[in-house]
Amino acid sequence: MAEKRTDLAVEVRESFPEDHVEIKGVELDKTERPDLRATITRVKIRDERGSIAMRKPKGTYITVESELFTHEEENREQLLLCICEQLEKMVGPMKEKSVLIVGLGNREVTSDSLGPRMTDDLFVTRHLRKELGEEFMLENEFGCVSAIAPGVMAQTGMEISEILDGVIQRTKPDFVIVVDSLAARSVERLCTTIQITDTGIAPGSGVGNRRKELTKETLGVPVVAIGVPTVVDAETIIGDYLEHVLSGQGYSEQEIESFLQEVMGKDTENVMVTPKNIDASIRLLSKDLADVLNHCFQKKG
Amino acid sequence: MAEKRTDLAVEVRESFPEDHVEIKGVELDKTERPDLRATITRVKIRDERGSIAMRKPKGTYITVESELFTHEEENREQLLLCICEQLEKMVGPMKEKSVLIVGLGNREVTSDSLGPRMTDDLFVTRHLRKELGEEFMLENEFGCVSAIAPGVMAQTGMEISEILDGVIQRTKPDFVIVVDSLAARSVERLCTTIQITDTGIAPGSGVGNRRKELTKETLGVPVVAIGVPTVVDAETIIGDYLEHVLSGQGYSEQEIESFLQEVMGKDTENVMVTPKNIDASIRLLSKDLADVLNHCFQKKG
Amino acid sequence: MAEKRTDLAVEVRESFPEDHVEIKGVELDKTERPDLRATITRVKIRDERGSIAMRKPKGTYITVESELFTHEEENREQLLLCICEQLEKMVGPMKEKSVLIVGLGNREVTSDSLGPRMTDDLFVTRHLRKELGEEFMLENEFGCVSAIAPGVMAQTGMEISEILDGVIQRTKPDFVIVVDSLAARSVERLCTTIQITDTGIAPGSGVGNRRKELTKETLGVPVVAIGVPTVVDAETIIGDYLEHVLSGQGYSEQEIESFLQEVMGKDTENVMVTPKNIDASIRLLSKDLADVLNHCFQKKG
Amino acid sequence: MAEKRTDLAVEVRESFPEDHVEIKGVELDKTERPDLRATITRVKIRDERGSIAMRKPKGTYITVESELFTHEEENREQLLLCICEQLEKMVGPMKEKSVLIVGLGNREVTSDSLGPRMTDDLFVTRHLRKELGEEFMLENEFGCVSAIAPGVMAQTGMEISEILDGVIQRTKPDFVIVVDSLAARSVERLCTTIQITDTGIAPGSGVGNRRKELTKETLGVPVVAIGVPTVVDAETIIGDYLEHVLSGQGYSEQEIESFLQEVMGKDTENVMVTPKNIDASIRLLSKDLADVLNHCFQKKG
């Protein structure tokens, strides 16, 4: 089929017809949290076989889906605590570690601005150690948090890794957390899903199709990626609908694909599908993710 | 068919199969301006018959289409002068008139923010008359320009006409120019087309589906509307592609529509199709339209 | 003396040497709220005599001063509830009334942007009555709130009253609440003080020196003004320091004033004194004031 | 005397009473450009003696002062070309060199946002070489420009040099250009003066008092700094006025200083003096500096 792009492991998993059947090398767990109107899905790609089937690196992918993310509601705080828990489950207690938090994306492009805007609300503490002393940090249970929003290649002329490599060498964080905007396949997941993974960032993912991978292999320290889908490729959504209708008409996959290739113009490459309330959702979610990370690294006892 | 929404008269006109055949009551003129890589189309709905066929009010609709709108290029200035000319053709010399320029839309929603942002760069002059005297205005060839960005109903709790009515009664402009973001049908027109019309704003048009009409009938003075398409409805684009493929398969219009109704989920209502560079395009276009209007009302000789 | 500008009644009151002595026609009450690190001052100008002495219109002026306003802290909510109480003391229960909330000032000028930014976070409800019905409003205890950020004369070419008059005639609110940025005399009050008054806005007040008064007399309905000082005039602060030093040297008021007139250049008119963290403070305070007003008009029971 | 802070060499030079007399080790040249309403001053600190007298590192400091900087006028372009010339005089032809342009400061603090906002309008080209090939770059006379806005320590928890060191090692630019907001001593220079120096950034300079120096010694490549004063310290301006008046009264320097120390409260530390139109000036100037740099690195023959 034509490109059906998604950065969400859960959507790749769903694309297999046999949703309930096991894919070799891939584990799947679903937990419902009705109190948060949330579904938590854990996809674990255990081995090479699973990695090939899923076309994603080995590792754990957790998604928390909830319609509450785009609403200012009272149990928002509980929802955010749930993200904290998932994060801690993946990387262990964070308060004692030093971390570099990276806000990926282009601040000037709304659908790609989640990462940079998140950094605006972070509580960074690394410089306080020098200023106020180790004791102050321990008393206040401050972790050691540094942060950067490196911009995208069109803004800097540099690969993100050309910026991060030296920063990591100089400041030696225990691990890196990367926050990024993602592409999804289904519109109902836009701005309502958070994916957490210990695999880092694969090349070609992100709203702006970041070039290089950001992983333990390339950066030298473990990389946790937190992503929120904010766009669906126009070709993906049109293709999905066409496929749905035509396969119902009895057309073969090959026939459908040739229809698609025939009709899909190059203009479609220059557009994207986003929620109508994308601006407000990005404002909410970037603040949320900063709150989640602030809580993880500064929480009491 | 399912809703195929467009605020562009030129797209309604194109939707008739017989593009070259005359529709009764509707005139169509096309002019190419190769120097500006621009096509200028003038659709004139002359009478009731044309109005019914086109489902648009009687009046003149001029569109200037050029890929240059989203590029910072040297002959940009010529392109903007061309818009000025079209505007003057429609309303006559503007420098001697008093005008209220209204920036419609929601500043906090990128795809709907063209109007409010345009007002940021306007050169308003109405208050200078009192401060600096009539003579100063004449010497400098300043027109009498006032401006307002009234916000949208979700921000104000009021209809736009509830805000504008009193302003017009108190300040008595000769006419009103309304600048708005529009919905188009085809993605290649997004942010590359400007529509100018003497019919004002029809209910249900604009990115946010403004409720009430803003016309000479409702506001009491002539209303010129300047609009730029910034979004395509997701349902429109999906429907267009499905129709294209299925009608090629020999399906009837009725069959196609029933497929569409069947597959189109309610999630599709909450998303829109925009250019990937929508943020940059809105920044450029809002400045452009302000420049065009500043030039119309303050130009020398 | 050279102009010692302040929009705060409490600062005018303090400028009288006999702080503890009564000024005829002016009442003064101070309440400390140590739990909120706040001082609440109520200045009531009872009659003409007091009005002349204070050079402010008759009415009640409440100021809540607390260093907590510029900090994100836990008892922030209590502080905001305290503002709600003061507001209700002045105007009675608000939930049953219809109100037009006006965000005065220039969104593009940070120190003057408090009012317009406050409107961004308001929960307006007036349009919901039509859409969802009276019963829905009562069940949810929604008041009837409309809002507008009319801009300043340099943006619109119009007096604010030329915009508001018609809006009030058409929408008939029970009263108007105006939120504005103010000038203070002492730097420690900047962004740490909220003034609430039932006198409306006097001409020449506000960061941008609004021209016309906005009062019951001019708008036809009661006007409550909520203001936060965000700037000190450079001349005021320099004059205060010079006066302080020179009067200690035994110079007479006249001598001091002549020194001031001599040294004060016209460049000083073009600058202002603001807090170094003005951007962050405005973001916090505009959200706070919206929260206060949302609470007043939508609160349960 | 109390701290009289300025980042402008021209103001340090002026602080010596003998303006026309030579200071050993310091050259002074003034050129008037009446066509641009501009004064160009070149202060050259030649040796250690001059460096001690001026309390600035050895090197050349050029300031271009013109009231046109805060006005949108026709000969703006000429003014910007004049900045280009001064820059080229200092560093030689730039088109053939590779450069890293650094926008220092805090994007979220208006008076400190000049550097980061400048980077928004830069035309970076370094990544195009890989994509489009060496020949394309030569044909278009594109230089090799990369850029970064690293943020300030309160945002990142890191020294700027901890971010830049690795970037410079990896990308090996021929030199670095740093753009920063400065503190001046006199209000009439705010947003009307550009200082260019080949000395880099000294510790404690900039609106936010950057900690570490950014110089050839610390970064390993030549560093040109371009700065625009956007604030005056409140203590500086008050001190200047008090000194002016009191020294006219015959008070000694020591007496004046003791008065100052007595009256200056700690609140004064938390405020700054900025132009009333600081927001608009920063928008204009950041675009201007980007235009200047774009012109230097992409100009034709």
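So that you can tell them apart, the chains are marked A, B, C and D in the order they are listed, and the count of residues begins at 1 in each.
Note that contacts are C-beta pairs under 8 Å (C-beta built on N, C-alpha and C of every residue); 3 or more make two chains touch, one makes a residue touch a chain.
Because the structure is a prediction, the values reported are computed rather than measured.
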Answer with same or different: of all residue numbers used at the interface between chain A and chain B, are over half used by both copies? same
Between the Cα centroids of chain A and chain D the separation in whole angstrom comes to 39
Counting only Cα atoms for the centres, state how far chain A is from chain B in Å. 37
Give, as an integer number of Å, the spacing between the C-alpha centres of chain D and chain B. 43
Would you give the residues of chain A that are in contact with at least 2 other chains, written as numbers and ranges? 108
Quick one: label the inter-chain contact graph as line, ring, star, complete or other. ring
Inside the complex, what are the residues of chain B that reach chain A? 108-110, 186-188, 190, 232, 234, 237-238, 241-242, 244-246, 249, 259, 263-265, 267-268, 270-280
Would you tell me which residues of chain D are touching chain A in their complex? 108, 119-120, 122, 124-128, 144-151, 153-159, 162-163, 165-167, 169-171
